[in-house]
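Down below are the structures I want you to see.
Across the two complexes that follow, chain A remains constant while its partner is chain B and subsequently chain C.
Presenting the complex of A and B:
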């Protein structure tokens, strides 16, 4: 399994690097990977009872590892991902011109398929989280594929922020499970059947994560925006695969937590509102692709209810409808893309006569739309019948919440039929008051072939509903042992069928009568507006905080920093037991004493000198004197470093001084100046006192001895100081040089910025 | 350039520059057993560039390509980080030292410790930092524009 996943990433990397100029080659390679995955998955699914586990030790010290488990449900999902992946990639060969953007698309796309396969195969929540976040990032990159467009960037950011916030909720849930139960594995969780407040909170957090990913209310608003991505991306990520991640998670978790009242109500209410809201919005969309996006939101709400409600039969219905939706929605997106490619428009108000000019696409899209509407004999009919039948009986099992779910689903189903009719009418119909659209060129083979396959799949699966239903038996029972069910082409006259007939009739009537140009009234509160004002609030808030904490005054910074230092030092001086000064040595030698006196004198003079240049030289002198002290203590490395640093710093100091006036200005006078002096002196005194105390309070033995004995055998060197730097404490050194590099780059950038700002003024020569 | 060029410094730089660089490399590698090491070596090499700079030999002109300080910083950091990570691939801990010994005819035993390579990264990084400070703080606006016109 890992080999196949890695194959995705290798091809993706190649597509982004060496094959950058040949996106078609990488697309073909990608299709090969998808086909290989399909074959391997089918093989595994057949030979090993559909369960195959692999784990990969990631960071052993932290107990982190990735567990993949290929059970029947994962097999189904991987097949959906790979089959649709191959079809959409083939489609994209005809859809895009082979340029650099296409290379990026191909690379991200294949990588996404790999990540998504990993997600559905995850055996525990942690592994799923890792893949989950990767899909968010790749979706961000794919939505923002046309990075020159501001709209695409904003949409990409919105999707990333919403799903990223959900990812954080998921992570919090995962952490709670890990801390509380010591495991995040789906199987172990199911075996434990845990309960308790913490577990409930964790489950809700996980559910929130699933909601953001699968665009459930109130996080539904990012998905229509994601349509800024090219059509193949929308078809694949934002209808067939990525947005199903939340459904997958709910399907995995609901057998465990479905009995929690709060879980069930959240799922049903959020899913129900999503379903109805998406349906209503789809009725007002005039861009065919946006219409499909809203319909996806609506269908996700439907799937969310089925997958999350925690009734075994509903789980079965969720699984079959998930497959049905992936097939018909991808086909619909791809046919819109084909129309867009041929006509150059997706506006259902102006498209006219397209059906007559592109009959094949029109028939195929109508088939898929019929599947979406739930019309016999298509796949969507069988799955919707199953869902209705289950929900009609849900009352007995789960009480009132079942009836609420049923009500939402019936309203949603009416809208589904209505927007399906609206879609077909809008895209392919002939309008009286519109001039026929001009079809520039017939869609090429690759643009139509995937649609042919997908739409006929909807038809065949519907015609042979009984056999198709059996294929999903194992899939559903993997999730929940009692989740069995049957599909049927003709279920016989029962309540579900009667409801269904009424639903379709009403929906079709609405869809037929409803004006295509209808525009919705601007709602006072939408998810999008809330998101924007939240984002704006966070931005202005952080700006305000920054303005307050980083006010740009060097003096304030120094006072705050030093104030904190002496406050903590004084606190520890006041509370800790004071050490004895019995064995304190004033100086080892007269020379040492002399050097220290020199240091003090030089420092004293610095405070009184009026010239910056003199002050810099005197400070340099202090530095060299300290180097002498190091040398006297027998630390040649330190002394050498000190001398060199001092030299270089002095030169750099002088370079800077050229830009400054030669004398210090006294801008502060009177009591403020006195306060400054008092503050500076007390900082100096406290630090000096603390150094004295610390030097005399050693209790533990020095680590020096140990380092010296270990230096040569383990570090391979006789210079202990150096061995400590590059080996024993090498990580410290690595951190330090990184800081050094960052600081130097920062200084250089600051200087360059200042210079650039000053440039217009600089004319006068300094010579 | 600060003030007029000094002939003494220019001549001194011409002779000292290669010697100091050589010394700095020596100090870097000897650091494992005697005072020295990458940090000190890098500072010594930096000092060579400082002399060159003070002598008025332009750093940004002839040397521009070879002396891009950020390249030094980046290369140094990469060397250090890679050396630190390599032991992980062999199942050791971060920065675990490997000690290699060869018997070279006529010279005798030659010993190389992997942490010397880490030190080399430090060396390059420090050179880069010194160069970067010299170039950014040392160049004054007017001078910059002249250079820009020449090149």
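Presenting the complex of A and C:
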């Protein structure tokens, strides 16, 4: 089983590299992997009652490991992922031309299926987070598959940013759990049943992550945009699998945190708004695919309520409805794709007479739409009945929030029926004032076969609802031991049925009379507008920060750097105790005093002279004066080195200056110059003050005394400075030599480049 | 410790900072040179007291050898930097005939450009 997970990635890598020119081959390989996964999963589900686990140590020191666990719920999800994956991939063989884009699609698609399988098998939050982020990235790549389209890129980026932000929330929640409890495993969390403020915050962060992934209000807006992806991608990622990741997470967490009031209210309010908002938007959509996208948002809201409310019966309903939704929504998307492929349009205002010309697709899509509308005898009917029955009794268990949930679900269900009717009427109906659409060619076998399978699955699962219901017993009890329930084709006349009949009747009536070309009023505030202004704000803000911190002026950088230096110096000088100035003298010797005065004069000339030559020469003078100071100080090695270095620098300086004009051209004048002088003098004053205080602050004897005693016996030399450099601190000297070598390489390159470039110039001049 | 050296350190730092703030690369190199000397004198004078050179066998109180070892390394590295800057100045001269350090074009472009991310708008139908 876990080997098969890797097989996904191997085939995906192959599809993107060696099989790049043969997307059909990689698609067939991918289908083989899916089928093998299905067989292995079924085999495992039949033969063992236990749970299979595997754990990969990743960063042991940090306690990070990838922990996969195949329980019944994971089995169900893996089956959904693999069955739909195989069908959609087969469909894509007929849908796409075998070109380079298709090769990318196939590779990303198979990798996505592997990542998604890993996500549903994750045994702890950390592992889930890793797969969670990978699904975001692959979703980004798949939405932006047609990267030449600006619309596709913008939609892909939006999906990535929204789900990525949610991923960060999830990560923060995971980190809080790890720090607070030392574990993120679902099982251990359930055993601990932790409480407390930090735990509540962590749970809410995790919930926010789930909301972004499953397009719950207020993060619902990215999902319709994701329909820029080709239809097979929409059918698979953005209705059947990836958007269910949030539902999976909520289903895993709600048995642990469902009792928190804040969790329950967030889930119900966000899910309820999502369900109603998505339903309303679906009623105004004129693109059939977009209609389905909004209906998916609406259904995700429904699933969110069921999975997150934390009532065991609702968990059961969530599991069965999740399966039902995956089956009917994939079928609907694929049939829209088939119509689009045959007619070249998805606009429900102009499509006309398609049902007559493509009767098989029309019948199949109508069956699936009926399942979405919750009409007997389809799967969707049984699952919706179950959900209604649970929520009608929710009041006893959870109080007012149960009634709120029920109200949202009833309104949402009316809209579900309405948009299902609108979908069938719009895509397959015949309109009086429209010319019949031209069907270019009958849909090929591979475009119809998956729809046949999926739609008949909706019908069969509905007809045999009781048996189907039993299949999900183990799945739901894995999540929560009390989550038992059963489905029925005919539940008998009860409150849920009466509500359901009214819902369907009202919904069908609305769907029938609501004009297909209705346009919605533009709302003043939409999730999309908020997102765009936030994005613009971040971009403008970071540009402004860059403008002030990286303005491109070397002077500014020098001022900032030196400013920071003197500010920190001044801070520590102001807070430290003053030392005793016992050892102060005016100068160590009269000669030192004389040389210092000379040096100051030379420095002044170097600073203010307008002649390059004078400046360079006198810089050498300053250097030699300092060499004398070193010699007087008792540092003959420094004096020698200083004299050598200053001599070479002076020679090189003069060689370079030969090329340059003799005077400095532009100097800064006026108040700017005054400001420079004031700033420079303050730097000098602060550093001098620093030298005065630090120089008198020595309390412990220097390590130098030890070097002096060790120099001769251990280093074999009498010159202590030399012994330190080549022996005690030899590695430092190595570093110094390396710096010199790098500088020499840089100089050699610059000089060579300059030479090469100058030659042609000279030739030009002579011509 | 010597007050004269402290005054010298102050003057060298002030002069080095002022030269670093100029536009001409030659003056910036002068500033680097002055600043390097300033730091060397600073380390030596606050780290040790003047005295006899630390060579075994000499009489008198030795001055501390550790600051000397540090400064010796610093002198050599300062030389490397100055040489590199001089080569840079020469290269700059051969390219555009002056040695002014202009504001960075790339940074100016970033500061003035329109929003970097085009195409964030999504057609109304998809909102």
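Operating definition for what follows: the second predicted complex is superposed on the first by the 562 of 767 C-alpha atoms of A that agree within 3 Å, B and C clash if a C-alpha of one lies under 4 Å from a C-alpha of the other, contacts with A are read in each partner's own complex, and residues count from 1 in each chain.
Convention: contacts are C-beta pairs under 8 Å (C-beta built on N, C-alpha and C of every residue); 3 or more make two chains touch, one makes a residue touch a chain.
In this text, all values refer to a predicted model and were calculated from it rather than measured experimentally.
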### Task
Considering only the touch criterion stated at the top, classify A:726 as touching first (chain B), second (chain C), both, or neither.
first
### Query
Does chain B (first) or chain C (second) touch A:651, or do both, or does neither?
first
### Query
Which of the two, chain B or chain C, is in touch with more residues of chain A?
C
### Query
Taking the superposition as given, does A:738 touch the first partner, chain B, the second, chain C, both, or neither?
first
### Task
Using the superposition on chain A described above, determine whether A:545 touches chain B (first), chain C (second), both, or neither.
neither
### Message
In the overlaid three-chain picture, which partner chain does A:678 touch, first (chain B) or second (chain C), both, or neither?
### Response
neither
### Message
Under the stated touch criterion, which partner chain does A:707 make contact with: chain B (first), chain C (second), both, or neither?
### Response
second
### Touching partner for A:718 - first (chain B), second (chain C), both, neither
both
### Query
A:610 contacts which: chain B (first), chain C (second), both, neither?
neither
#### Entry: Which superposed partner A:501 touches (first chain B, second chain C, both, neither)
neither
### Query
Can you pull the chain A residues that chain B and chain C both touch?
636-637, 641, 645, 648, 652, 656, 659, 718-719, 721, 725, 733, 740, 744, 747, 751, 758
### Query
Which bits of chain A are touching chain C when the two form their complex?
150-151, 153-155, 157-158, 221, 224-225, 227-228, 286-287, 290, 522, 526, 528-529, 532, 535-536, 539-540, 543, 546-547, 550-555, 558-559, 562, 583-589, 592-593, 596-597, 599-600, 603-604, 606-607, 612, 615-616, 619, 622-623, 626, 629-630, 632-638, 641-642, 645, 648-649, 652-653, 656-657, 659-660, 664-668, 676-677, 679-681, 683-685, 687-688, 691-692, 694-696, 702-704, 707-708, 711-712, 718-721, 724-725, 729, 732-733, 736, 739-740, 742-744, 746-747, 750-751, 753-754, 757-758
### Task
Flag every residue of chain B that touches chain A in the complex, lowest number first.
2, 31-40, 43-44, 46-47, 50, 54, 69-70, 73, 76-77, 80-81, 84, 94-95, 97, 99, 111, 113, 115-116, 118-119, 121-122, 125-126, 128-130, 132-138, 140-142, 144-145
### Task
Would you pull the chain A residues touching chain B in the complex into a rising list?
636-637, 640-641, 644-645, 647-648, 651-652, 655-656, 658-659, 714-719, 721-723, 725-727, 730-731, 733-734, 737-738, 740-741, 744-745, 747-748, 751-752, 755, 758-759, 762, 765-767
### Query
Which of the residues in chain C end up touching chain A in this complex?
1-15, 17-24, 26-30, 33-34, 37-38, 40-42, 44-57, 62-66, 68-69, 71-73, 75-84, 86-91, 93-95, 98-101, 103-108, 110-111, 113, 115-127
